[in-house]
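Heads up, the thing below is written out as structure tokens.
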Amino acid sequence: MEYEDASPEVRAVYDDIMATRKIDQINNFWKALASHPPTLRRTWESLKEVMAPGALDPLTKEMVYLAVSVTNSCEYCIASHSAAARKAGMTEEMFGELMGVVGMANETNRLVNGYRVPVDERFKR
Amino acid sequence: MEYEDASPEVRAVYDDIMATRKIDQINNFWKALASHPPTLRRTWESLKEVMAPGALDPLTKEMVYLAVSVTNSCEYCIASHSAAARKAGMTEEMFGELMGVVGMANETNRLVNGYRVPVDERFKR
Amino acid sequence: MEYEDASPEVRAVYDDIMATRKIDQINNFWKALASHPPTLRRTWESLKEVMAPGALDPLTKEMVYLAVSVTNSCEYCIASHSAAARKAGMTEEMFGELMGVVGMANETNRLVNGYRVPVDERFKR
Amino acid sequence: MEYEDASPEVRAVYDDIMATRKIDQINNFWKALASHPPTLRRTWESLKEVMAPGALDPLTKEMVYLAVSVTNSCEYCIASHSAAARKAGMTEEMFGELMGVVGMANETNRLVNGYRVPVDERFKR
Amino acid sequence: MEYEDASPEVRAVYDDIMATRKIDQINNFWKALASHPPTLRRTWESLKEVMAPGALDPLTKEMVYLAVSVTNSCEYCIASHSAAARKAGMTEEMFGELMGVVGMANETNRLVNGYRVPVDERFKR
Amino acid sequence: MEYEDASPEVRAVYDDIMATRKIDQINNFWKALASHPPTLRRTWESLKEVMAPGALDPLTKEMVYLAVSVTNSCEYCIASHSAAARKAGMTEEMFGELMGVVGMANETNRLVNGYRVPVDERFKR
């Protein structure tokens, strides 16, 4: 749904996205969600809160987002959050190391399953 | 496989793990892998290389590892990498924000799928 | 595999699919499975039984199918079961709410993992 | 975090959960999230909105939640949403059919992958 | 559901399982499915057909089953199919190599995602 | 990254890949990894070790790789490992049976989750 065709409720979200992110176009993701305004509004408000700078900096958050998206095979999310992470300062070297960690985590997660490794006593809650 | 029962090949890996991580016990994960020494050696060498400080700092790497393990529902990995991330400096506040990002990424990954969002032209390669 | 090129065994399945669903074309899914007739037959018989009206109505079943396909990132399945669910009566509003539930379930599934929440006594079996 | 030890901010969420759901105990899930109050509040507000009756009835929503949790292997979520779905009216017969659909969807999602089935022209957007 | 409490329909499936597999006890999996007899019967008939010796031998099939279960983090399935694969001839060395392949496949699947690798022309259909 | 543009470090890996696999072109996967040479080298060395003939033959290993890739919905990996498995001797019949096992494993993995089946005493470690 394009800006010009959107209801005031949807436009308000689009405006807040553009203002918060200092951008002047709306990604296809938000345009798609706009077909169900409550989901658009709720998702944007949650994402805005979660991705705001806090105890973790924006670059770390974007790299974590990318790591999850890569693990879940979400092509769109990988494309958009790769761009966002690079914009936030991720270099080619950092991306290479990030993929190294993501790859090894996915590998060892399965080795743990296959070998049925019991949780060490000192890691229990 | 306990240290005292291990072959010289396995002991060499155990020794390197303890020296590299400055610890004096071997986690159940490595003891389980020791039943197939080539997998033990290869996995350790890869993990050692991937988790070494580089363009990304060790805390960021541990949090990414945790994010992947949470996405994959690997109970053992969540337990051990939560401990490792906390040892590397992750506070309760940072953990809360990390989970916020992991949760939202898992949510939006599926919204993208369900709404069949096409990749924006500017994110294409 | 097109109808005209199919063996009698495959044609019998195609005929049953078209008669059961009151349609006159065979989806690419079945044409692909036809390269291994036992898988074609078995999959169709199972699907026919599982998707038949019963204690759950066909629309509910199609929405559950879609929810699983979205969670698994199966593009083909999302496309075909979105169409099937709409044909069975899913409105845009229902789809929006469905995606809301699917998204939140994927989010909270991971929060549960990350926070390592123990099962409440009263939910145990 | 138990009610008596909770801050006013956390107590307000606990109170709203108990009032909305007409229950008098707080699940372990919310007690765990309470260690990061913003995540507790945001998750509850989203879940409350998403699970409220709307175009889909509460039972359908609970069954969809369960279907996703089963697909993701979230033990806690399966336990709690099985209970919630039964409370909302899910019979043993309905559960059996639900699992039938979830199982077949997970099976056919992979057959589609393996056979690399192209999306039918009429299902494209 | 135990044999002595089962309906004739359920007993017939139990009998066929024990006869086909030359065993004299029923696994918890089948006892659980027995609460919905159509799912019990359908699942057993499909599994019996799929796991029968054919172009692939039983050991290969059990190892593939185990590889999928490890990838999906299904604890019960890993336990039961590890046992079945060992009974069919899987040695410790074979298990070690199997896990090596499963681990690397899970790793490279994600590297492919992260690096957004386009399918080589000669692998296209 | 094409051979002619590659550094000596990257060329050495490309040369080893072509010599080991007796091929004369480099897949897009390796060309993509070449943007981070340590990941290229490490991934190739691990893959070379894991896929070498051992207690399991190369065809079995390729089919397991394919089974995991199908379960993970990795389109590129399915395309390249289907080709590799066929080259190693997988017939259409074997592929059909392989997909049958992969499909059923994905189905029963979820039935186990949904029915919350406890591990049988004799499968415990």
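When the chains are written out, they are named A, B, C, D, E and F in that same order, and each has its own residue count from 1.
In the analysis below, a contact is a pair of C-beta atoms (placed from the backbone, for glycine too) under 8 Å apart; a residue touches a chain by one contact, two chains touch by 3 or more.
Because the structure is predicted, anything quoted here is derived from the model rather than measured.
Novice: What chains, if any, are shared contacts of chain C and chain D?
Specialist: Of all the chains present, those in contact with both chain C and chain D are A, B, E, F.
Novice: Compute the rotation angle for the C-alpha superposition of chain E onto chain F, expressed as a multiple of 5 degrees.
Specialist: In degrees, rounded to 5: 180.
Novice: Just the number, please: Cα centre separation of chain A and chain B in whole Å.
Specialist: Centres of chain A and chain B (C-alpha means) sit 19 Å apart.
Novice: How big is the gap, in whole Å, between where the Cα atoms of chain B centre and where those of chain E centre?
Specialist: The separation of the two C-alpha centroids amounts to 27 Å.
Novice: Using Cα averages as centroids, what's the distance between chain A and chain E in whole Å?
Specialist: 34
Novice: Can you list every residue of chain F that touches 2 or more other chains, as numbers and ranges?
Specialist: If we look for residues of chain F contacting two or more partner chains, we find 35, 38-39, 42-43, 46, 49-50, 71-75, 79, 82, 93, 95-100, 102-104, 106-109, 111, 113, 115-116, 118, 125.
Novice: Just say which it is for the chain contacts: an open line, a closed ring, a star, complete, or other.
Specialist: Topology of touching chains reads as complete, every chain touching all others.
Novice: Quick check: in the complex, which residue numbers of chain E touch chain F?
Specialist: Touching chain F: residues 27-29, 32-33, 35, 39, 43, 46-47, 49-51, 54-56, 60-61, 63-65, 67-69, 71-72, 74-77, 79-80, 82-83, 91, 93-94, 96-98, 100-109, 111-113, 115-120, 122-125 of chain E.
Novice: For chain E, which residues count as touching chain B in their complex?
Specialist: Interface residues on chain E, with respect to chain B: 73, 92-93, 95-97, 99-100, 103, 116, 118.
Novice: With touch defined as at the start, can you tell me which chain D residues reach chain A in the complex?
Specialist: For this pair, the touching residues of chain D are 38, 42, 46, 49-50.
Novice: Touching residues of chain E toward chain D in the complex: what are they?
Specialist: 35-36, 38-39, 42-43, 72-74, 125
Novice: For chain F, which residues are in contact with chain D within the complex?
Specialist: So the residues of chain F touching chain D come out as 66, 70-71, 73, 75, 78-79, 82, 95, 98-99, 102-104, 106-111, 113-116.
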